[in-house]
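Each structure below is given as structure tokens.
Below, chain A partners chain B and then partners chain C, in two separate complexes.
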Partner chain A sequence: MSTSRALSYNFSKKIKNVLRSERALAYLFLLPTLIMIFAFVIIPAIWGLWVSFTPLSLVGKYAMKYDFIGLKNYIKLISDADFYNSIKISFIFTILSALIGQAFLGLMLALVMREKAIKGKSIVAITVFLAWIIPEVVAGYMWGVFASREGMMNTLLALLGMPPRNWLYDLPLETIIIANIWRGTAFSMILFMAALEGIPHYIYEAAEIDGASWWQRFRYIILPMMAYVILVDFILITIWTFNVFTMIFVMTGGGPGNATELWTIFVYRRAFQPPYEVGYASAAANLMFLIVFLIILSYIYVSKKLRWYG
Partner chain B sequence: MPLEKKYIAVIGIIIILVIGGGIAYWYMTAPKKVTIVVEYGQPWQYLVENLTLAKFKEEAKKLGYDVEVTLRMIPYGVDIVQTISQDLAQGVAGDVLVIDSFMIPEYAEAGYLLDLTSYVEEWDGWAAYPEAMKKIVTYENKVYGIMIDTDVRMLWYRKDIFQLAGLPADWQPTTWEDIIEAALTLANNSDTIKDQLNITEFYPIYFPAGTKWGEATTMQGFYMLLLGADKDPYNRLYDYSENKWVGKSKALLRAFQFYYDIYVEHKIAPEEYNFVTDVWSKHREAFAKGWVAIDIGGSWEWDEGWGPNGIYPIPNREEKVGYAKMPGYAGGAESERPFVTISGGWAVAINAAIKPELKPLAWLFVKILASKENVAKFCARYGKIAPRTDAAEVPEYAENEYLQSVLEYLNFTDFRDAMPGYSKVSFYIQQATEKIVTEGWTAEQALDWYYDQLVAEFGEDNVITYPLP
Partner chain C sequence: MKIHNIVYYVLAYIFLIVVAIFFSAPFVWLILSAFDPMASPHFRIPSEVTFRWFAGIFKPISQYYQMTPFSWIINSAIISVSVATLSTMLSIIGAYPLTRFQFRGQQVLLNIFVTLRLLPVIVIVIPITLIFARFGLLNTYLGLIVVMSALVLPFNLLIAEGYFKALPKEYEEAAMVDGLSRWEAFFKITLRLALPGIVTIWLLSFVVAWGDFLLPLVILRDPWKYPAAVGIYYWFGVYGRVEYGRISAFSILYSIPAILVFLLTRKYLMKGIYGLVSR
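After this line comes the complex of A and B, so read on.
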């Protein structure tokens, strides 16, 4: 074997060894995902950050030529009452529709689903799933029609003697909260149903023998053993609900006024509707990202304290 | 090389040359297959699809093109201005665009539109456009579009409902006070009106407010008040002598006050109609069904809104629907205009990002779309005013009684202060009216807020204030 052939042989052997190692293989498998994340998350995020320091606009002179303007957008933002309003609306919407509405209702439905004595469970389950699988735009239009003055909601309430009203105008925030509970409960229900299946049956039997009531079983068996799953549910639905846009935008467009202007709608309206301020909207998006990120960090901190239950 | 092989080689070369020549000839003479994308809103569907498309294909074929036209129609219920703005910014807009003329300065500044100056100079149709129509599509001495329709605005009212309330069927208010008084009379008779029309809701008057209406709040509602709210030139959003936006003025205050009066003080206007999913559809439906008796809107509504082929046809339209000129604040008693109206209109333009080889075809499409015949027939069918003076030569247009009656509005019409920054100013007007309607803000609060927005956006040096009463 000549020297060059020997070198080449050693090199290819090294490559093969590297490729055979688990770490290299892991990186190889990760590569497509990393490329996708880089292309569709990291680069747009960096661009979004850069744009927030510019006056970029969708139309007009700043559409093509925009220079660095420092913190001007952020300074304008912290004195913008509409921005604070959108944060307030987003928090109320997330707490009431997701953390209280979807999680609580999802847990109750999951508990009902495992009761063998209750009839018609599958109809309830199908109804809940349907709300989840309907496209968001369709769901938005459905609610728009359902809650209008001429809608089905008023027809049903008329049976109780209530006068018709335009729910999306008179009680807009309450109506979108209910719509979001209707739409998102299925996810929490599925998650909790799976978690309930994971609790060994003998624990319930032992509790029954000891004479534990339904509430005691729920309080001392189900709740502690599901705490971690509930937290995961909270993390996921918090992120999703803070990012809800389509259904609510179709229903109200953020109005009347800015009564249902979630932060996502605030960002959209500033960027893609007059006055088309993309840079300003990016600054708002970045600030909201920071807020949601801090909330998720606090969840993770709490989850570490609860881990032993799992 | 043996002789036979030489022959074979020569014959082979000849065959190749003949085939190659044939292919080259076919390539040179066969129609060039190209695709052109046309983007327009549904209100212009008839003009694009019925009047222009076939003629364009025929003309393109004569020029040696096998052209395929991709029609991208923006349906009713979708904001056309926003959709086209977003498409242009994302680089996905059509090659030929039907755009709202007030956006031309901002699109031109962004570099979105093709400069058509050299094209119109060689087009005989350009001479048929009056200066005002040329000015709308011109920005910094360059032409960026061709007007295809224009309009005027007026008060629409239901004659049959007026009569139920004891008001004259032939109504022409001369002051704002006249309008409010008529609306209050209607409000006092609302029970009778509901009973007679068998309706459950009734609002005497409707002026568009808020951001959901977008530009229509500013143009249809606010400008129609502003232009008659004080004498010239204190009745505008922009001061042309100082080159500044007007932050505070008596006219602005009076216009906001009118909104306050009908929505908050007297509660005679339907707040919630401004926030439904499709505000345009709602306003047409409400007027057609008698839920609203006095509406403010464009001249196109006669046919597009309530005509036999309209969106909400009104049976016996001529007997039920009337229109009146919008008066100035005191009918001219304070040196303001006795009557006001405002014109906008839509233009056809070419995307600056169009492929160079498609430019002649796009211009051909524009010329056919904006031709005398097409513009006149389209405007006659939809009750719009033709921007070309020679449209009157087309029988369909000349014989349209309604159009002939509203042409007098052109004598006192005006235009928006459509210059860079206008879409932001317009948005602040929409927001200010929204705050009056939803939060009950007074005219003074709305004016202060509006002034603050202008100062924050343009700087104090670029905002002027006039003395308030």
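After this line comes the complex of A and C, so read on.
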């Protein structure tokens, strides 16, 4: 008895010694990562902050001119109707396509996927996943063609008696919202499916025996037990949708005019299309990043609770 | 009660059918047009099946250009394999001290990684272009690969951290007691145990790089250097007459690796989604 205790004491001492001597070296393991992130993310971000205080452009009078002009770019932004337009479009896009479209459809799908008696549901799940995993550019190409005047969307809607239209010109914002619901619903569906699996079956059965209706079970069992998961889903898809660039850029390029110019496309167009006002575009990017950052902070706060609860 | 159930099932089926049509319709067009000799935006069942469009992937995109769409796929492969390998290696050795030691600022560091993982890339893109122009990294794969790796690193690190945490420490400690140094224990025991996790991280970062569009769009200038993502955009958006059949065939080929990765990592994604989400 006493020998084994001495032995285990020796073991733990040995481990502690090894730990102490090699601890410093272990931090070296983190060094390459930190250098990479500093060099290619943090320093550029700081550079971008600096650029936003200059009149820098890629060509012309202000090419490579890093003169400090204070908050001029930011002041100009506040009175830029196009910037307001892009913020408005981003918010509408995010609220309708992510918070209402993806989350709601994802929850409905997850609930249906739970029903054992329903056949063919895995085929539906696979198509929903496919939309999510194919490269974003392919999704943009498909939707750009699908929603055009000659496209298949009109063929399908004709079955319901709707006249053909050029969706990307007549209802551009509505169309990109629908396209993004198509693209992103899978994530909410998977997350909700995992969460539903975590609810023990006996709770369900007990409620059923007590005569709880479908709605009551949903309202008083599923919804409260999934509250945190739903909240985390809301925050994540809000961030992702707010940051969407590629699919919409490929579909519409921000047009017609600026009808689908999300803030990311606004920044891209100002910086990389004539007159290449990178200083001004940086100011817009930084301002919008501030909004994204606040949402990320709320995510860090909420996800900690999820980790504890899940 | 029974009627109630029937109504419920009928509604569920109608819902599923509508969802299935909505989600599959664009794919139906994509696949049909890739095999249709008269491919156009119209939906039509081809009267005959052609493989001309798939063969066309290996032919120059036009008489003015020597590059073939397939060369874009090769470019994508070079870039994504490099990014996945570099970022996976760095994230594995980086995640180790994060899980085996407790140090001050650890939580802050993890929170920074979470923030970086969710960062809108467009914020970084402008200064990266300016810095790269200054250091001659614009229009180079080296520049593209290091930036992409730096941007997927936080994502990889958080997955790796979750993986290492879930591994039992006891094997490693037993090996250390048996006389292996910490690093031998790490390389011989822990890495071997974590192998499925490492493969998963590699595959996921590969697919992120495979689909990336914005960074190569601004960093690369020569069309023959483009990865497939920018290639499709260039081909579809900038070209005069759109060759739907060939672009569709190319899109299908380009999507296959992403779909394969999903199939290979499916179990992890489904089971590990909480881990992915709570970090």
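Simple rule for what comes next: the second predicted complex is superposed on the first by the 257 of 310 C-alpha atoms of A that agree within 3 Å, B and C clash if a C-alpha of one lies under 4 Å from a C-alpha of the other, contacts with A are read in each partner's own complex, and residues count from 1 in each chain.
Operating definition for what follows: a contact is a pair of C-beta atoms (placed from the backbone, for glycine too) under 8 Å apart; a residue touches a chain by one contact, two chains touch by 3 or more.
Source: prediction; values computed, not measured.
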Looking at A:G144 after the superposition, I want to know if it touches chain B, chain C, both of them or none. Which is it: first, second, both, neither? both
Which of chain B and chain C A:V41 touches, first, second, both or neither: second
In the overlay, work out which of chain B or chain C sits against more residues of chain A. C
Looking at A:G60 after the superposition, I want to know if it touches chain B, chain C, both of them or none. Which is it: first, second, both, neither? first
Applying the touch criterion given at the start, work out whether A:F272 contacts chain B, chain C, both or neither, answering first, second, both or neither. both
Could you look at A:G120 and tell me whether it touches chain B, chain C, both or neither (first, second, both, neither)? second
Is A:Q102 touching the first partner chain B, the second partner chain C, both, or neither of them? neither
Could you tell me if A:T246 is touching chain B, chain C, both of them or neither one (first, second, both, neither)? second
Touch test for A:S86: chain B only (first), chain C only (second), both, or neither? neither
Have a look at where A:G257 lands relative to chain B and chain C in the superposition and call it first, second, both or neither. first
Chain B and chain C contact sites that coincide on chain A, given as residue numbers: 141, 144, 148, 250, 253, 272
Where on chain C is chain A touching in the complex? 8-9, 12-13, 15-16, 19-30, 40-43, 90-91, 93-94, 96-98, 100-101, 103, 111, 114-116, 118-131, 146-147, 149-151, 153-154, 157, 173, 176-177, 181-183, 207, 210-211, 213-214, 218, 228-230, 232-233, 236-237, 244, 247, 251, 254-255, 258-259, 261-262, 269-271, 273-274, 277-279
Applying the document's contact rule, which stretches of chain A touch chain B when the two form their complex? 57-61, 63-64, 76, 141, 144, 148-149, 164, 166, 168-170, 250-253, 255-257, 259, 269, 272-276
Spell out the part of chain A that touches chain C in their complex, as residue ranges. 11, 14-15, 18-19, 22-23, 26-27, 29-30, 32-34, 36-37, 39-41, 43-45, 47-48, 51, 56, 105, 108-109, 112, 115, 117-118, 120-121, 123-124, 127-131, 133-138, 140-146, 148, 150-153, 155-156, 182, 190-191, 193-194, 214, 232-233, 236, 239-240, 242-243, 245-246, 249-250, 253, 264, 267-268, 271-272, 278, 281-282, 285-286, 288-289, 292-293, 296, 299-300, 303-304, 306-307, 310
Per the touch rule, the chain B residues reaching chain A in their complex are 79, 82, 85-86, 88-89, 103, 106-107, 109-112, 200-201, 210-212, 214-215, 271-272, 274-277, 420-421, 423-424, 426-427, 434-435, 437-439, 456-457
